[in-house]
Amino acid sequence: MQAKILVIHGPNLNLLGRREPEIYGSATLSEINEMMTDHARRLDMALTHFQSNHEGEIVEAIQTAEETFDGLILNPAAYTHTSVAIRDAVLLLTMPVIEVHLSNIYKRESFRHRSMLADVVTGQIAGFGSGGYKLALIAMAELIETPDQP
Amino acid sequence: MQAKILVIHGPNLNLLGRREPEIYGSATLSEINEMMTDHARRLDMALTHFQSNHEGEIVEAIQTAEETFDGLILNPAAYTHTSVAIRDAVLLLTMPVIEVHLSNIYKRESFRHRSMLADVVTGQIAGFGSGGYKLALIAMAELIETPDQP
Amino acid sequence: MQAKILVIHGPNLNLLGRREPEIYGSATLSEINEMMTDHARRLDMALTHFQSNHEGEIVEAIQTAEETFDGLILNPAAYTHTSVAIRDAVLLLTMPVIEVHLSNIYKRESFRHRSMLADVVTGQIAGFGSGGYKLALIAMAELIETPDQP
Amino acid sequence: MQAKILVIHGPNLNLLGRREPEIYGSATLSEINEMMTDHARRLDMALTHFQSNHEGEIVEAIQTAEETFDGLILNPAAYTHTSVAIRDAVLLLTMPVIEVHLSNIYKRESFRHRSMLADVVTGQIAGFGSGGYKLALIAMAELIETPDQP
Amino acid sequence: MQAKILVIHGPNLNLLGRREPEIYGSATLSEINEMMTDHARRLDMALTHFQSNHEGEIVEAIQTAEETFDGLILNPAAYTHTSVAIRDAVLLLTMPVIEVHLSNIYKRESFRHRSMLADVVTGQIAGFGSGGYKLALIAMAELIETPDQP
Amino acid sequence: MQAKILVIHGPNLNLLGRREPEIYGSATLSEINEMMTDHARRLDMALTHFQSNHEGEIVEAIQTAEETFDGLILNPAAYTHTSVAIRDAVLLLTMPVIEVHLSNIYKRESFRHRSMLADVVTGQIAGFGSGGYKLALIAMAELIETPDQP
Amino acid sequence: MQAKILVIHGPNLNLLGRREPEIYGSATLSEINEMMTDHARRLDMALTHFQSNHEGEIVEAIQTAEETFDGLILNPAAYTHTSVAIRDAVLLLTMPVIEVHLSNIYKRESFRHRSMLADVVTGQIAGFGSGGYKLALIAMAELIETPDQP
Amino acid sequence: MQAKILVIHGPNLNLLGRREPEIYGSATLSEINEMMTDHARRLDMALTHFQSNHEGEIVEAIQTAEETFDGLILNPAAYTHTSVAIRDAVLLLTMPVIEVHLSNIYKRESFRHRSMLADVVTGQIAGFGSGGYKLALIAMAELIETPDQP
Amino acid sequence: MQAKILVIHGPNLNLLGRREPEIYGSATLSEINEMMTDHARRLDMALTHFQSNHEGEIVEAIQTAEETFDGLILNPAAYTHTSVAIRDAVLLLTMPVIEVHLSNIYKRESFRHRSMLADVVTGQIAGFGSGGYKLALIAMAELIETPDQP
Amino acid sequence: MQAKILVIHGPNLNLLGRREPEIYGSATLSEINEMMTDHARRLDMALTHFQSNHEGEIVEAIQTAEETFDGLILNPAAYTHTSVAIRDAVLLLTMPVIEVHLSNIYKRESFRHRSMLADVVTGQIAGFGSGGYKLALIAMAELIETPDQP
Amino acid sequence: MQAKILVIHGPNLNLLGRREPEIYGSATLSEINEMMTDHARRLDMALTHFQSNHEGEIVEAIQTAEETFDGLILNPAAYTHTSVAIRDAVLLLTMPVIEVHLSNIYKRESFRHRSMLADVVTGQIAGFGSGGYKLALIAMAELIETPDQP
Amino acid sequence: MQAKILVIHGPNLNLLGRREPEIYGSATLSEINEMMTDHARRLDMALTHFQSNHEGEIVEAIQTAEETFDGLILNPAAYTHTSVAIRDAVLLLTMPVIEVHLSNIYKRESFRHRSMLADVVTGQIAGFGSGGYKLALIAMAELIETPDQP
């Protein structure tokens, strides 16, 4: 049976591709989503995409995720560094959660070096641009197949 | 032409699979290397593996890497948190460098949260066990093909 | 005349009883609300319950609270540690405000030890599970009756 | 059978009601103790009161508490912020321990924001003046009746 | 042609004039907006006002601001000190952004001394009450006319 | 009657316009002073300018300011971050004091983020280049006219 | 009428003169007390001396001091740096309290630079050896005579 | 002549063996004292044991120790981390002082990592359970015999 | 022979008595100087007074002090907290130096708790208003007479 | 059967006895090793000594230690404070590990107060000079005989 | 053509040679200046010496230095650690600036380890006594000849 | 007799001249060594060069240096900031040690501002590129000739 994966994009990611392409790449969010959907199909997974600039909406998307989905790919963007509420929602999940960052957050302002999520997700992927999402899909496929492997 | 990739494993990784398998997995380092070599072949890349417990040897392996290789996959293990010398060697490279950690270092002692390398590598992958190396190979293949993409 | 009390439950508390019952107890939020309403009736108080995962909605519920209510019982959950906006809203109130936490927040991650609210509420109750709400009701009844007592 | 509760009042609390009534209320310690004894009787509990200005005496009262009592209500006053010895004595207990503070300690000097006890007691009640003791009695009654409930 | 300016008022500013007038002045938000509109007209600028208690709504108002407006006057109130998401949205703008605070934030709690925005806006004005908005309008008029002057 | 305003320029501001014009603008201090005098006249205020590189001279200028002047516009430059003596002198004044910075000090070295004056002046204006002085004059005119408005 | 002054000597001061005379002087505590009594008589004051190594005893001596005495001279020795309980007892007094240290505590270990008492006493005298007590007596005489002078 | 050694056990050590035997071992304090006395006899030393929960009593025991004893074995327990008074008393001694901890204090809460005594004693022994006292006796015998050896 | 004492008053002390008399007392600097001269005469000492708002002038007054004077009474005011240069000048002296503060600096802003001088002077006197100078004179007389007493 | 113990001496310990004998004693490393071997024989243990100035060599000696040895006595010298790699190697061992320091590291520079090993070894012995090794041997003999005793 | 070099000596250096010769050497400032002038002549450079105890005078000497001189040798003494004003003046220069310290400032109080200048000068020389000036002259000669060499 | 000087180059300095010439200059290490040897000959000194990327090898080179050499010029590169082992080896030397850095380390990452060596060497020279070695040779010649001069 096809695994179902939720992909959550945090605040300001709706503007991807339209600004600062030298940092975030020139692909728009819908191009990235399309690319991800294609790639997921090859891995026999179905994707649902969700973008929000509202902390509370992201919390709620995570709260109900496990009812429908088998895994979560999460790029919390700015909320990575400030949201205990998103952390608490992630703590409620038992399915795999992969944190993705487009840019290498350690090359940026020091307040971006602290992640409120890093110690409650399964793994992190950072610095590979939109390619990081593809890596996350491959990692997710493996985690769902063989979940107990350390 | 086949890309050549150097894989460096830092201190204590020579004991992989023999101890604490619940944290680091049950695969030995040579099994991991074999798995990586297989996977690299499918991506049309050739791997060279190097493990050392000596900071100076890792520094030297990095110093000369660019003469022979097109990319570096680096798991500096304990030296991640203490070595300015390895950082300085990485700073000399212009080819892609991917930092890999088997475990989620943010779930461990607080001194492991600081990486001396994170801001000088291309990207990081952490928390996926030996599967993280496979992701690194896929990421490296993409980076070598289209290096300028953010 | 019957005192009117607003009870605000912060983010992720809508999932109470469904997950991690060993930490938060097995009672669901509606069971807790029912228990509180019963207990409030005995103390001759009327309760209104409000749960939200949105910082802004909680801010607004507090802003207008004093028009309708005589006291506020507030479990800000994750926003306890991050929200200056909720603090600012509480600062606008002159009626009693009681901060309640289900678990002992000092037994958890260190970022949970800092409360943005502790110094602007009347009092705190923490660590008694859902029983803490009952204590808050009793305390509120007393505060409304004899507000000037230190 | 009637539960037996020890109530420990820390340093300077013997002067309650005689000074700074705008902060600590106008009730003297013996008036508070009487009020507590009355209230405890209604909850079918018997109280023993103990006040000391000596860290060592408080340590010893806690050490032997479990031989005679079913619960401890503790207002360590100044020793809250400095005493590892009282913490160590509390760590020896398996019965419920409730920490009470008359004033909201977060409205005072920053060194009062750190409690050496907060993470080793069952729960805290702060900011309700002498009314906090009444809440502690109610909480204690519940904890003794249904100790395993989170 | 008349310049178009967006004015964003952050959380709790909808209550201006109704509480704590000794700190924030007795003018209501709509009085302030009216005063600003009058003053802007004299400077040949058209204003649009937006108030929200929701971080996500403010993020979205900023995201689309540059499509319609020539400048942004921003009083982020409580979100000044906590919102990386608003900072990230401001980073997307190339038009002038002026940060305004009614009160002198350095006379208040220490967590208000840190601004997440100060280093990404054009300039700050603080401590002049509602008069600060008038100064911001004058500054904005100048910045739009001669944008390149340091 | 015409209000009299003292304008104090701190260390190194005597070199304005001659160096680093990309940061501080190309106007010289005397051009700025002339521009300010013009602008003040329109606001019916008379200006006196004082520049010094000596902390003690600035202290003394402030000490005697209230004998002659109705307000102080102060750009303490480097002494902003180090001078308790200037702070103490400002504390002696009861007339309005406005702190002006040409550049956005939060975009510069971290030791420039701390101001020894910010919490003892009426308000701050920063980041508008020499235009900031004009804003300060307008703010001063308003403060002198209606001093009690928060 | 003769003023009555309590002099409290903290822990280890009972050994004065017997050890480390190069730091604390060669006078024993009873010699110092005698010298103080003599000097007090000339200032028309009567002294009572109290030495204790027990924090709780010092707390109690301070608690009851105001019933009998007109002023307190306090050398809390080691408890200067650790005792919130003594601080709280001093906070209860309205009569003058002078903190005396024999040695210059700023020349010693850094934990001796923090005093838990400095901000709640009338004044401090440090570094003058046993001569500091004489100064304290003279200061006390003045404070009792003209208490309201800043 | 037989050396005389004082052994001081700090707060809560009177309960050894009765609680948390998995941390502190199952031997009671009197069993430990007996074992120590036996072992001391074989090393030709005579022991005196002293246990107190009172900081002041421990201070006084140390103050007079050198009159009677040739060495001090000190387990200050909780006072290790908080007592400047005990430190000051130890500073008065010229005979050898050995600090013993039953458990490895570095495996416990971070406030236990700081010792107020570590830099004023001769040496420390930690983590060997009650066996640590036996090591301390052997070390003491050697120190008394050949005191000047570094 | 009459001892000669230099008294240095730091920045803003020239305004003593004219402002904030509730903090600094109502005596002007010349009244204080006169009072000190009188008192010094009785102690058979001659005083020279020097006030400056300039760090450099105070440095120079201290540099040459030992050529003419037998002791220094120093109230460095604001420079207490910032001046390494004054500290370095004091380090050059071998005669007694007494640091005086009119107010209790520990009751004020936290940056006033750090003194750059405290560990290089003989002793400090703080919190006694202008009476502190009288104490300093008495202390100085004693120090000059019996300099070697600890 | 005779227990086999590995003794590892860290960097610069090969020079023992040749320099700074007032700190480290006058015994050379080979004299210490000989003394240890003698003492071990009496305790029926066989010793192997290893000294290295290379972090990597110490890591490797620890990695393979458990194949041959029953316990490890480790003086990591300078690497105590910097080596995560040695810590990781020690974490791989299940046999007893005793950390020995010749000098009292708490009397030295503050960076020597932090040990990267203290919380992962069985126990520490510090400050007894070369006598500390003898204590470690005795402790090791006991640990090997009765390993489960806390 | 002969290069012209300004040498600035900061506060208290006018007393060189007269005090604490064991730290600063026995040469007086004029002897050092003479030695430097001699040495400069051999390097074909002309020196101008300037000493001041006034921060403002040093600022002004630096401000105008580039009009007359080709390089600056600067020993800011105490102002090294506190003066942003001198830093700002140095930032205005484009010619080489060499920071010299007579003593090794890292062997002294910790507040001397921070230099406000280190990152804005060309290079530092510290710890060589007056010989450091000679090194600075040699370095300056080289910098002026081949300024672009890294 | 000709003085013998050891020059130690730390990790990654073997690559000098081959990479990042805009930071480290275009001279290779062997060109620098040659230049140094030439310059040393003129100062009548003989040089031995040693480069290593291994902390342990540098430790050992320093350990035995005093047997053969009269002075040490040390550029520890990355190990400057991390190596206690090299510090301990330097502590063993009594001959002059000069620390050299090619670049101005205060212009780089903040972890490079801390030197583990600065307080145990004779002096530092930083920021002069390879010219710094020449200065070190001149300084060394002087130190060897007149070692006792402060």
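Letters A, B, C, D, E, F, G, H, I, J, K and L name the chains as they come in the text, with residue numbers starting at 1 for each one.
Going forward, a residue touches a chain if its C-beta (ideal position, glycine included) is under 8 Å from a C-beta of that chain, and two chains touch if they have at least 3 such contacts.
Nothing here was measured: the structure is a model prediction, and the numbers come from that model.
Counting the residue numbers that touch the partner chain, subunit C and subunit E have less than half of them in common. The pair from J-L, C-E or K-L that reproduces the interface of G-I, where over half of the contact pairs by residue number are the same, turns out to be K-L. We define each chain's centre as the mean of its Cα atoms; on that basis subunit A and subunit C are separated by 32 Å. Averaged Cα coordinates give subunit F a centre that lies 47 Å from the centre of subunit G. Within subunit I, contacts with two or more other chains are made by residues 54-57, 82. Two chains count as a pair here when they touch; such pairs are A-B, A-C, A-E, B-J, B-L, C-D, C-E, D-G, D-H, E-F, F-I, F-K, G-H, G-I, H-J, I-K, J-L, K-L. On the subunit E side of its complex with subunit A, the touching residues are 54-57, 59-60, 63, 82-85, 87-89, 91-92, 116. Contact residues on subunit G toward subunit H in their complex (touch as defined above): 10-12, 14-15, 19-20, 52-57, 77-79, 81-82, 111-112. On the subunit E side of its complex with subunit F, the touching residues are 21-25, 103-104, 106-107, 115, 118-119, 121-129, 131-132, 134-135, 138-139, 142-143, 149-150.
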